[in-house]
Amino acid sequence: MAEPTRRKSEDIPVLDIENLAVAYKVRGGEVEAVQNITLDIKKGESHGIVGESGCGKSTCAWAIINFLGANGYVKRGSIKFQGKNLVGKKGEELRRLRGDQIAMVYQDPMQSLNPSMLLGDQLKEVLTVHQGMSNSQAEKDCIRMLEKVQMPDAANVMRRFPHQISGGQQQRVVIAMALLNNPALLLMDEPTTALDVTVEAAVLDLIADLRKEFNTAIMYITHDLGVVARVSTKVGVMYAGEMVERATVEELFKSPQHPYTQGLMRCVPKLGTDRSSSILYPIPGRVPPPDGRPAGCVFWPRCDYVRKRCREERPKLRSIAGTETWVRCHFSEDIDMGSWEPPEDLVVPGTVPKKEVDETILEVKGLKKYYRVRGNSLKDVFGMGEKQYVKAVEHASFKVPRGKTLGIVGESGCGKSTLVKTIIGLEHATDGEARFLGFDITNSISARDRKLIQELQMVFQNPDSTMNPSYTVGQQIARPLKRFNVMPKEKITDEVLRLLRSMRLGEKYYDRLPRQLSGGEKQRVGIARALASHPDLILCDEPVSALDVSVQAAIINLLLEIQEEFGTTLIFISHDLSVTRFFSEYVCVMYLGQIMELGPAEEIYAPPYHPYTEALLSAVPIPDPTAKQKRVRLQGVVPSAIAPPSGCRLNTRCPRREMLPDPDICLTDPPWREVHPGHHIYCHIPLDELRKIDPVVSIKEVNHAG
Amino acid sequence: MIRFLVRSVVSTIVTILLVSIGLFLLIEVGSGDISVKILGVFATPEQRASYRAQLGLDAPVWQRYLDWLIGNDWWAKSRMTYPLITLKNTKTKETEWWADVGGQATRWKMEKGELKRLLRQEDGFSKAVPAVSDWIKGENSEYFFWGVDNRNNAVKFVKGAGEEVWVLTKAGLRKQGDGPRKYIPLRKGLIRGDAGMSWQYNRPVSVVLKPRIRNTLILAGVAFVVVMPLALFFGILAGINEGKPLDRIVSITSLGATATPEFVTGIFLIMIFGIWLKVLPAVTLFTSSDAIFKNPTMLILPVLTLTAVELGYVARMTRASMVEVMDSAYIRTAIVKGMPYWRVVFRHAIRNALMAPITIIMLHVNWLIGGVVVVEVIFGYPGLGKFIFDSAIFGDFSAIEAAAMVTVLIAIITRLIGDLAYTLLNPRVRYA
Amino acid sequence: MNAEASASNKQKREKREKPSLWKTISIVFDSRVATVGVVMVSFWLVIAGVSLFWTPYDPNSSDFIQNLSPNATNWLGTDHMGRDLLSRLMQGTQVILLKTRLPGGDHSIPGGVAIWGVLGSLILGAILGLNAGYRRGWTDQIIMQVLDALIAFPQIVLYLVVIAALGQGDLVVILAITITGAPGVARLARSLALDIQTRDYIRAAETRAESVWFIMFREILPNARGPLLVDAMLRVGYAIFMIGTLGFLGIGLPPPDPDWGSMVNEARKYIFVNQLAVIWPALSIATLVIGLNLFADGLREELMRYQK
Amino acid sequence: MEIIKKKERKDPHPYIPELKDQFLKGKVTRREFLRNSTLLGLSAAAAYAFVSPFSATKAMAAAMPQRGGTWTCGMPLQLIDHPARLSWSEGANVVRQVAEYLSDTGPDNVTRPALCEKWLASEDLKTWDLHLRKGVKFNNGQIMTADDVIFTMNEWLNKDVGSSMLGLLSYWGGPQNIEKVDDYHIRLHLEAGNIGVPEHLWHYPGAILPRTFEGDFIKQPIGTGAFTLEEFAEGERCVLKARKDYWRKGADGKPLPYLDKIVYVALDKDAAMAAMQSGQIDSVYHPRPSDYLALKDNPKVNITSVASSYSYLVRMRVDLPPWNDNRVRTALKMCQDRGKTLQLAGYGLGALAIDAHMSPAHPAYCEKPIPKYDPKGARKLLEEYAKEKGLKLPLKVKLATKNDEAEPEIAQALKQTALAGGFDIKLDITEPGGYWDRWTEVDLGITAWTHRSIAVMVLPLAYTKEAIGAWNETRWYDDEFTALLNKAQKTLDVEKRRVLMCDMEDIMQERGPLAISYWVKIFDISSKKMHGIKVHPTSFHSFTYDMWKES
């Protein structure tokens, strides 16, 4: 969806940053969080800043509005806003700029709205304070702006508190607030990261529309290459506090110059690629901390092309002749991305398809999970109200063959986590059947046989909470070995070390505490812990979604490797359709507790789609500005799971409902339409109709790495 | 919100019940045989048994609890020939139990084996007349009568079988004849405002307690009104100046004040202002029951003492909350929106910063009452705290039970108010 | 997910370093406030330790002229019975910090009344709080209801009730500190458990079908240790404060061993003659409490730095 | 009647001429003459005129008293019910403002008539004629007659009332020996002669009550006193208001009292001291040595003092082990370092004592050497005892007392000095209320005993068989001692009585139940504005009817 860059060379840049360095005072000295940043943004331009966590993206934004906290300051360089230097600006002058000329949108809308103030008041004060506008006039303007950001029922929202509207709506309010004074510069710091993919897509659409309408200069910070490809005209890539490459979005994705940028591109699975057709290559090593950056080029310890000069001399950001690309590399002209070879010590899983086995290891039929909730009425307080349930999972049925991977995708609240919890026994099923290795597993874990428990293990999402901070890596991996008596006590240490090695973690990790590990390392330990009891089935609950892309690739590779080696069956939950596609043989799409579509991965990602699958695919940000994506959007918000819509639960938001002659039919349970054996769509719309729909995504070029 | 409130109220009632049970058990069971405490270790078992019977302590614990909580007149009534009434002694404000015999307030006693009616006269005293006709024939041809004696007990006299009872007098136990066979010490129960007799004062606890509660409510109330705005002010002031000299001064002063016990502060305030400078009354002198209204300056030093300790604590809480709020994302939003500093503080920060401390402040009323005990002892203030203290020292169980229940009630009610205030401040709860 | 937003002003370089015990301690010393706290607390600990073996004079024997001002012999002066105040002040630390006298005998166990009381409330509170926070549901409701009831008692009233019921004595004071402290600890432990039990490693333990007690005490408790420790330190301060108050009211730790509160109580009669006899113990209570507060503040900051 | 009238003309009692003779010869001190002659019925004025004939007419040079004003005094207030049951002076101080006594013993140890106009004793001191004052009205308007007095006396002697008068007046032989001669004349036929009758009538439970009294003074605060009870709240305050029709007249010829109001405020001593110093109250009841030290240089305060027989008795229950063994008792007595105790507990303000409940402040006191501190001797005795009983030294005992005046200091001093003697004393110091609840019950305790003007008045109260169950807290009685006591009570001759006293003191020292270190000096601390305060060894406030306040 990227716009072609509209150049208005006569304009001076709205924002012009030169050689910026921001430092924080810490105990015993100071740390330069950001160094040598140079960029300019012109009117109507959207400048993306992309990079992994901790590389100083946000610091740049904070430096612009001089909000660096008590211990941060601009150490070098200049920040010019409409030609005037901002550095060192203080007090009243700065305050007048903030919110008026320069506005900002942040990552977490819930956190950034005042929980105890009416949204209307929070909006209005931007106008009344900066423009001295009357309250009633401000009210009108605010409502108009809310309508512009496509806020339903705008007048009403003014009289609500933040917790009373949904996350996507909150973000719209924040954006509206930022736009109220028609700022010259809009700083957006991961504005969609906390949102679901379909909501994200809608917000990104909105940003693009607004940019066109208001001609605002936007600085867009994100870690997501897909997002940056969609919203930016120009992109700056940051690594370890430095800007390593800056180019137009097309150039950047077409021919990335810096080895780091190239590495990033190789890490991300493209939508539509799978493990049989492509390999993800992680960047070895990790991002250095601000006070531990190497001399010379900051990237050299992880660079495949490192030479002597790289270690000694810090490269300058220089322009590549004949392009608009700037790169911070001594040798970028010498590097040809196409001829890149993976380093020899990098182990990547084979891409050979495995032999087919027909044994079904897990079979779920009509599984239901309801949670009892307390109502809010007076009756409920005394337990006399009607019993209410959250219908978290409704009639889930699927089979998982041994040694295969089932991917479950869906947005937050779709019941995928509950489904997994029910299978593993953290919850007992309300109704339905579930058999694992032929044993009934609808009961909860305490009622299961220890042998059965041992065969079902789980890998968790959040690397920071997957490990108990109080115990060493060794202790935590050893625990399941002891618990399940996998082996004699004296052999446990050896086994733990063996597992560590197979996780590509050295033996030196045995005595480390979790806080000494990076996110990826923690995730590896989590996998080792799950593997320790030699389970037949591992449930992976978004194991890579909290990781940076370079690490993500490594973990995905590790899981694939394990599967290959042990023939372990995997259930893989993810909200990321690209990763799921890459990883899984079978995919199951869930919405509001219902399975909408189920089938082999490649068929899910191609027509005929379930309307929901279609919407999801159209929302996925693709790290390729040339990719064409249809714009199919869901309307409204996700209904409450306590009183879900009857029939097809998507019926309130379905973009294809008009395709039916009688849309009311959607209020009844749809049939399971079988596309092929093993591929089912849960929809009233006949398959033939669905088949007529074009593919959502069309990618012109084959990816370099692919 | 209604749900929240109803839950609070229900939980409050349950809490009060739990407290009353715990308190009763702790005092009446935990303290062992009360008669040992009163009669001393050298009393004979016979004396003890007789005395326990007079106090109704021979009944099972659950029944004593119920008697204590909801009274026993309602079941004692059923045994009586004549209806029970209560009359107020105008002189002592005590409630007296009598039986209503055709409009004549009457009690009974046995004298040399003969049953006598004690008829209440106009002046509050009584006249004895024979009452042989009152005897009722029982099952085993025994004549008995359930009446009221002059110690507010429902008693069962048995004809010709006056019991030997041990009566406690100031000079020790004395044996008396003509005693009743059974005692039910009549009481209305705590929830109807009858907390039993105080052994220390030999008067109904409720009569002694009432003015004390009033006095303490005044003291604690004034202290609260003084402390809270100041504490919030200083807390907020320190919170928005985190790390600056002003913050350091406020923080260190409040820590110092909090860590200095009330009794030290109080003593030295008395020395300085009451004795050396002679600008304020050194102690609270209740030369009449309404002395504090006549001379409110007496309250200054006690309130100041309470303030010194409480102020620091609440200020520290508020400061912490303010610091947290000022560090939050929505304050950042407000600043980045270009809001003037004071607008950020007043419109955006304070309300959120008060949410956390408000419940704690209300819980802190507990502390205030704790401080009140010490302050009242130091300043000779005849309030609830000193009453509890005296009762605890004396071992006056009815008094300490009632007084402790009152403090708990105050604490719980303020907590309820705190919950309410929180609800009003926090829209997330209000519109939940 | 992406923690970068919070990195704006808190870049933490310690995060990836290996924190040894010494490092933890040395960081406490980095904070000036905490250092002052540590110094104040250690001062009293040292005094307490020394007093076990040596005090300038017999603290309980009236060997001097009464109500002396500080002089070369009696550095802090003497009290109304001609006893050396310094010696009494030093010995006053013992009952609080170092020993608990068992009823009826001359035996005492190591660990002062304040320490045992806080330990008691820590154990009781942790058991209740962990059960409430981890099990949730009805268990939680019942436990919280009971705790609410306990919390409703103003502390000193609860002390008075306990003392009225059970009489005076070291163990009674310990019991009182335990009962009054437990609800607070339990609330803290509960909130920590509620937070910690959402962590994935608890799910991991559950998928191993670990027992509830294993999860509560081996998985949750070690991670709640820090805040509980800080809280306990503050509680020791409150306990000392409370023992002082009880001593002042004449119902605290029984004689003959002096404790600071009863020293104030005795000296109060002579306040117009000899102010120092009140000031010294009062100052001692205040400094120890302030020290503990500062130390706890420093420690809390430190722990928060690692928890993030 | 006849005889009495005859005697009246000369001297009220046949012994008086001899007494006069002895005084003139210097055998009897001035103090003893005054006391004895007044007890025998000589009027105080006549007695004073006899001892100092030229000063009798000396007019009061002081300013004319002013009327009005409130006297505020800090004093503990505990439960009061039946005045005859009073067991503490504070309560008596409240009662005595409302109700009065038949006689009045002043600080000069001279007993003057009060509700009794005069009394006459027979030669053998067995028959006493009490002539009541006429026209005295109770504050309910009723006239006081012999019926009221006899009713009150019957209350004293009624076992059910439980009055300490019962033990004191055991020589009366019971109520049947009280004869109503007419409405204003009562004759007592005593079983044994006793010179102390007028003084005994002043014993503080002896307030005269109306015959309608039902047992609770707070409900029926009726008496003949100068004040009426407005409000009484235990532990808080007591407000007394001047009566308009009081029988005594002031210097201005109008009915007393001068004051409008008396307010007793129940402050604890520390708070009272603060209030005193800040001028919030006018007087402190029964100040402690520490209070004396604090205020002795205060210019706004008058401090007056008087020697007394007030003391803190370390008393042992002789019916309980180990105190039932005299060796143990003696050992504890030997363990007293009296000088040190007096210094520590009383700041040297007092007189050292022997271990007998007889004080130098008592007439007929027999001077004895003050025993020395002898821990070795004590240890020897204890070792003997311990060996016999198979016990080990140190002997563990528990000493109970109240945390009130000087008791904690005495207890701590004794603990220190007794350690060398072989006692390991555990202290059980509680609040006053806690101790008074069990003061008769504990085996070893320190009890404060208030001043009594003569030894024969206090001894029957606490050291006779009859007093067991009342005030005999030690359960100690001794036949020889009782015999001597009975004799002494009938002995008029001071010298003869002193001889008896010598023996009694020896008995008490040798086998008695008490260890006494010192006799307290009684202070009064009052604002200089207050006039007419006469510090009394008993701390009784019996001067209020003619005290006045400078405005």
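As written, the chain order gives the labels A, B, C and D, with residue 1 at the start of each chain.
Going forward, a contact is a pair of C-beta atoms (placed from the backbone, for glycine too) under 8 Å apart; a residue touches a chain by one contact, two chains touch by 3 or more.
Quick caveat, the model's predicted, so the values are computed rather than measured.
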Exercise. Tell me, which chains sit next to both chain C and chain D?
Worked result: B
For this session: For the pairs B-D and A-B, output the one whose chains share more C-beta pairs in contact.
Result: B-D
Exercise. From chain B, which chain is the farthest off, judged by mean CA positions?
Worked result: A
Exercise. Taking each chain's centre as the mean of its CA atoms, how far is chain B from chain D in angstrom?
Worked result: 39
Seminar exercise, completed: Taking each chain's mean CA coordinate, chain A and chain D are separated, in whole Å, by 94
Problem set entry | Whole-Å gap separating chain A and chain B, where each centre is the average of the chain's CA atoms | 59
Problem set entry | Chain centre separation in whole Å, for chain C relative to chain B (CA means) | 29
Exercise. What are the residues of chain B that contact at least two other chains?
Worked result: 271, 275, 329, 377, 393, 395
Problem set entry | Residues of chain D whose C-beta touches two or more other chains | 270, 277, 431
Exercise. Tell me, which residues of chain A touch at least two other chains?
Worked result: 67, 70, 106, 108
Exercise. What is the complete set of touching chain pairs?
Worked result: A-B, A-C, B-C, B-D, C-D
For this session: Mind listing the chain A positions that touch chain B in their complex?
Result: 65, 67, 70, 95-100, 103-104, 106, 108, 111-117, 121, 125-126, 129-130, 161, 163-164, 174, 177, 376-378, 380-381
Exercise. Residues of chain C touching chain A in their complex?
Worked result: 1-5, 7-13, 15-16, 18-19, 30, 198-201, 203-204, 206-210, 219, 222-223, 225, 306
Seminar exercise, completed: Per the touch rule, the chain B residues reaching chain C in their complex are 11, 14-16, 18-19, 22-23, 26-27, 30-31, 255-256, 258-264, 267, 271, 275, 329, 363, 366-367, 369-370, 373-374, 377, 388-389, 391-393, 395, 397, 400, 403-404, 407-408, 411-412, 415
Exercise. How about chain D: which of its residues touch chain B in the complex?
Worked result: 70, 72, 79, 81-82, 85, 87, 159-164, 212, 214, 218-219, 231, 233-237, 239, 263, 265-268, 270-272, 274-275, 277-281, 430-431, 433-434, 437-438, 440-441, 469-470
Exercise. Where on chain C is chain D touching in the complex?
Worked result: 60-62, 66, 80-82, 250-251, 254-256, 266, 268-273
